[in-house]
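Sharing a structure with you now.
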Amino acid sequence: MADLLWPGDERAGSLVSDGALLAAMVQVEQAWIDALASEGVAPSTADLGGLVGEDDVHAIAVGAEGGGNPVLGLVALLRERLGDASAASWLHRGLTSQDVVDTALVLCVRDVLDRVQAELRSQVDSLVRLAGAHRGSLMVGRTLAQHAVPTTFGLVAAIWLDGLVDAAEEVARVRAGLPAQLGGAAGTLAASTELARLRGLADPEAASLLLVRTTAGALGLADTLPWHVRRTPITRIGDALVTCTDAWGHLATDVVMLCRPEVGELAEPVAEGRGGSSTMPHKQNPVLSVLVRRAAIAAPALAATLHTASALAVDQRPDGAWHAEWDTLRTLARRTVVAASQTTELLAGLHVDHERMRRNLDAAGTDVLAERDTMRRLHPSAVDETAAADEADDEPVSYLGAAPLFVDAALTRARTYLESA
Amino acid sequence: MADLLWPGDERAGSLVSDGALLAAMVQVEQAWIDALASEGVAPSTADLGGLVGEDDVHAIAVGAEGGGNPVLGLVALLRERLGDASAASWLHRGLTSQDVVDTALVLCVRDVLDRVQAELRSQVDSLVRLAGAHRGSLMVGRTLAQHAVPTTFGLVAAIWLDGLVDAAEEVARVRAGLPAQLGGAAGTLAASTELARLRGLADPEAASLLLVRTTAGALGLADTLPWHVRRTPITRIGDALVTCTDAWGHLATDVVMLCRPEVGELAEPVAEGRGGSSTMPHKQNPVLSVLVRRAAIAAPALAATLHTASALAVDQRPDGAWHAEWDTLRTLARRTVVAASQTTELLAGLHVDHERMRRNLDAAGTDVLAERDTMRRLHPSAVDETAAADEADDEPVSYLGAAPLFVDAALTRARTYLESA
Amino acid sequence: MADLLWPGDERAGSLVSDGALLAAMVQVEQAWIDALASEGVAPSTADLGGLVGEDDVHAIAVGAEGGGNPVLGLVALLRERLGDASAASWLHRGLTSQDVVDTALVLCVRDVLDRVQAELRSQVDSLVRLAGAHRGSLMVGRTLAQHAVPTTFGLVAAIWLDGLVDAAEEVARVRAGLPAQLGGAAGTLAASTELARLRGLADPEAASLLLVRTTAGALGLADTLPWHVRRTPITRIGDALVTCTDAWGHLATDVVMLCRPEVGELAEPVAEGRGGSSTMPHKQNPVLSVLVRRAAIAAPALAATLHTASALAVDQRPDGAWHAEWDTLRTLARRTVVAASQTTELLAGLHVDHERMRRNLDAAGTDVLAERDTMRRLHPSAVDETAAADEADDEPVSYLGAAPLFVDAALTRARTYLESA
Amino acid sequence: MADLLWPGDERAGSLVSDGALLAAMVQVEQAWIDALASEGVAPSTADLGGLVGEDDVHAIAVGAEGGGNPVLGLVALLRERLGDASAASWLHRGLTSQDVVDTALVLCVRDVLDRVQAELRSQVDSLVRLAGAHRGSLMVGRTLAQHAVPTTFGLVAAIWLDGLVDAAEEVARVRAGLPAQLGGAAGTLAASTELARLRGLADPEAASLLLVRTTAGALGLADTLPWHVRRTPITRIGDALVTCTDAWGHLATDVVMLCRPEVGELAEPVAEGRGGSSTMPHKQNPVLSVLVRRAAIAAPALAATLHTASALAVDQRPDGAWHAEWDTLRTLARRTVVAASQTTELLAGLHVDHERMRRNLDAAGTDVLAERDTMRRLHPSAVDETAAADEADDEPVSYLGAAPLFVDAALTRARTYLESA
């Protein structure tokens, strides 16, 4: 896949693509019919492997409008191709289309979260290195876009790092609790319970729950109550993803600013064909940061739509709100992966011009020590003469406060994360 | 095209597809090089017809990340395939990539707006028919989801109609003013002015403006100042589109409610494979309305992203905000077309059960005349005995107020619109 | 009013305040009862002047929850205080609470739009002056945050100007069409029609429409079909307001960037207590721009909520969506006024350091002429020797393209606007 | 407080009001100066109790525009009123205004979260009761607004319950980690470190960290790295709050639907003056649900703005994005409390008409067993004759699947939550 209007889209490969979704839907059907068989509800299972593929996506997609979702068409196609009429008749029995779509989306999102986690680890690695290397690299601290007091690039990187570890916590938490959706037509498992009863199983209701547990287990997902109209599993995913794009957007905004020629403290990694202009050969556009910012600007609204949809769920299955989630979640997920990958590349090769940082700090002059002078002026009695004498040089390095300790704290947190991740 | 996760997507055909975008970008380059030649800036034009196509989309999309947009790759490919080195060297001269992307998007959006206008006309036709036919079809008016006073389905349809005409006004206004984007690297037309100067044209600046006018004219677009960082043309499109999805969402919400079995006053058009369920043969799901609601739930956030991007434009071309617009606008546009088409089908075949409406009204009993009784009780002195006697039957039909006149007013407005549209 | 968490809020004065809303609701009731009397439906009108005021806001607000809106409580209070039982009994007859809330909101919004229009005119005045004065002030053009080609501050100001005139067009359009909402319980005017009938009027339905026309006319609002569930009048307001905050956000983002010490091309107007820091006396924070950006960041989501609410309207009056609009619209409106006023102050006193602009351009060196060199290199045959010789000095001023003409075009458009505004 | 345009606002009392914010800001200053004294950085502390109050809000709010936030004005006022010049000079030393605003907001939000937690517990209590009592109350299950299969009201309540426990988990998690913001001008604690140095403390950097720990501890907040530009603490709050309004919006949407006269299965609690209409005495509007839906419709956009602001943080303190957060968060927080309280009242008194549920189910006829018949027809060989005979009555109760077990599971989870909450 590659989207002409979302440069870098191919970084997400086939994650949450139509083909991946189709495969995941088949995976759900497979796990369910396997469970039907293993729990003695169906006489035997069926092998759905290879029955449908990319070539079927178009027809299933077009057919999806009739029933409002792609499951009916998929099931019909699988039954037709199974050959075995008995197996065909057992396929999908007890499930509703929402079970299949929701669980397949969750499976695809799991791959996304795994990829995002890997990218985050790599980014944290890069920032641990940068924050450590630049623990003492002086630069001017800016607030409300004006010069304030000295800081270090190490601390800048440490704060970025802290934001990444925050985001990683959100992703890990969501990743750990991804649930299967298995409830049947109205979330009661009535059909599978009936099938169990028809087969003479002793406790059909319990058998139905066992089907859910077995299927969820086979898929590696959590076993919860049906969430057809309880959409927290979806909004949690959205919130975690947008927390990631926030963290990347924040650092990319910094990078774009610090790459401005008038500032010149950072430069994006140089790569063949990256950031160039056909007619202005001098230009080296911070394209990665620009594209990451793009994702950060677009993501919050997508996550908000998931919440709106959640709030509008009604009855035993929603009347439009659910349908609004699918592509919104997919778009958010793919864009997050693209931004993840671009941020990884950005941080891995970020060029830090610590000499320019120092020159900019020097150019800021005594302004950046004005706060210190205020401290001294206001509290003359507190001035310990010896202390004052010690730093007669009036260098900005003497006014860094706890910046190095903050760097250390961020590094400690990051290393703990890396060990556990 | 057909999107597995947005059933009905194929209704939008290739509108704003990657292929359509590519073709539109070529169209922009063609119009520009034609203008360069016709205004005497370039020695001759070049024929870009057939040089690139769908097969090139993938490579151009993948290559788009380097420069942050697909234009560099497209231009390189066009130059390579042109054969004629001189023509190749004139291609794209004076333009910047944002000129090409923005103008191409506008061209694609124009097709979208034309389609939406056609659908709106068709919908208005349907509703003129329905409002007229049911001008006297009594039903219970509901407020805060409770029975209030009598109304007619004609008035319900008339209010839907009024909303559609509102939306059509927005679309027509935006459609009429779509601008070309032609400004060069930083919105000064410096390169094309230089080219005109190099060619010895008498007034190179004026020649540059003429290039813009000629190109915009050839494309059928308005000729305005460059809008690289003035994004009103984009937000206006977004606002017009979401005004459409609002109007459709509103009526679809009504339809879903009135199709509930307990109400049963409306039914969606019956079509082969539409609204069915594999295991519950009795079910006739209001799928069109559900899918239209879906679009209405998802659209506002997309339009909001366009505004956020607009507000964040900076410098002579934005550093991420612009990039966030493209796919957001495309997604919004395609979904609007899909919802347009689904609403047209819905309204064309909407089944109105006026007898059930009447039965529901009767079942509501005297409650729906409670307001009238309040009027009478509170103003005994005002009761003209003759008037009261005239309507001794106490039928709801006697308490419709100006509903029929409102229907007439809506029909008049709609017919005026149809005549001018 | 002054909101601790929205610095500058007092600039909006009492616009759309609780008190203003209450007064507007009384104004609506007054206009309606006047119309009832003048059209012969009620025996006489009543004078509601001075009956309720700021002191009543709290009690009415607390009481509003019972009925879901503040009208029931207000009407009860007005009736109680009117003294005249007959007049009291005619008060509000024929209206529903949504009529009063919607029309009152529209009246308050009208004051907001008038204020915004005045601010826009003042801003356009300032920018006409700035764009004219700096038509030739050279500065470096920046794209993707990097130096591109030369431009002028005059053109920067002209593009801001163009955005303001765009916004003014939206505001003027909405301002011109603000409608009254007068429909009665379910949008049929049944009660007022009944009252007209009880009074023996010849054509009670027509009398009802006349009541609407008279009331709307007295309030200076347009007379349309009831829009209880057709919410275009509200979304249009929201879209116009956010178009304003977009335009201001864009220019404020530029100002913040150009005020950075490393760039130093602009400075906010200096005012006592503005932009200072208690401990860093050197700091001059661009507070106005920062606060304007704040509004631009927060506004799109509010406008989006109005669209969501519009799409969810149902029945004859909505079941929650309507209620979500009121404070959302109020908040958006007040914030827009605050940002309007701050932008006016910002532009009126904006300090342009054209010498620094020139120095930054010089510092950018020959890079900013790289595009020109590309033009020359690629088209040697096109180089007219005389032309080249004419500009042997290689000054950036020779590579401004049509920038001055664009400034002129923006000024012409702005002056036309000022004449008509 | 009571907001005319947000009925029920007074339920939030003074939570996050201007007065509460002011008090919280003073609390932060108090804790900090106490720490300065206890750690030996300042000679003594000062008692800020009673120095400022509600009466000062207006002046401080008006003055807030100059510096862009209310802290400068507050500190000036506190110093002026302290009388003791030495104490005055130590006040606020080492802090930046963002430290005070952020920490004060967090303190106010803590009260909000505590209140929300209490409401959630109460709601869970109600739903545990309802789900238990109606474990066997049959009703028709509805999907895509159409009748599907039987379910129970117990399961409906259980799913609502599950959503509430989800929301409670989010709130508890955020509540547990609320951090203080203490970083000084640019997040380096330079000023407080300098003060410690001037006092001759052995390890000034460590002393600064100790100040943070002591202050955070005194305020009962977590001690983290400064988060001036790492806004996860704010977005997490927003996401948790909107997860609550989602859960309430979902159940309120169900209630509004089930209260429709044609359905009539639920009724809101009756209360004096609640849900009435002045002219339609029969009406009993589901006002609580309507107002809860209102909050759910408006909340997602507010939470999205917090994410947008997070992504746009830049430098050492943001240039507008931060300022956009304050009132957005406050508005979201207060509305969440109001919706919390309304939902509690709604659930505590919700009237369940199980007989009407049964009648509606009966009216749905055999349709709701169509799925079962499909199961039987498709798998004749699986039909165990005895099993079939057992349920010859063909009652819907026989087709409830695992609904009762799901109710039990939800109750177990809810009880575990109640024990730990």
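When the chains are written out, they are named A, B, C and D in that same order, and each has its own residue count from 1.
Following the convention adopted for this analysis, contacts are C-beta pairs under 8 Å (C-beta built on N, C-alpha and C of every residue); 3 or more make two chains touch, one makes a residue touch a chain.
Just so it is clear, the model here is predicted, and its values are computed rather than measured.
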Residual chain clusters - chain C taken out, nothing else repositioned: one piece
Centre distance in Å when chain C and chain D are each reduced to the mean of their C-alpha atoms: 31
Length of the line joining the C-alpha centres of chain B and chain C, rounded to whole Å: 24
Chain A and chain C: spacing of chain centres that average the CA atoms, whole Å: 36
Junction residues of chain B - those touching two or more other chains: 68, 142-145, 148-149, 185, 191, 256-257, 278-280, 285-287, 290, 293, 296-297, 301, 304-305, 308, 312, 319, 371, 375
Overall pattern in which the protein chains touch one another (line/ring/star/complete/other): complete
Chain A contact footprint on chain D (complex, rising order): 43, 68, 89-90, 93, 96, 141-145, 148-151, 155-156, 158-160, 162-163, 166-167, 184-195, 197-200, 205-206, 208-209, 224-227, 229-232, 235-236, 239, 242-243, 245-247, 249-250, 253-254, 257, 293, 296-297, 299-301, 303-305, 307-308, 310-317, 319, 371-372, 375-376, 378-379, 382-384, 386-388, 399-406, 409-410
For the chain D and chain C complex, residues of the former touching the latter: 2-10, 18, 21-22, 57-58, 60-70, 72, 75, 92, 185, 191, 252, 256, 271-280, 285-287, 289-298, 301-302, 304-305, 308-309, 312, 319-321, 323-324, 326-328, 330-331
In the complex with chain A, residue positions of chain C that touch it: 142-149, 256-257, 259-263, 279-287, 290, 301, 304, 308, 312, 360, 364, 367, 370-371, 374-375
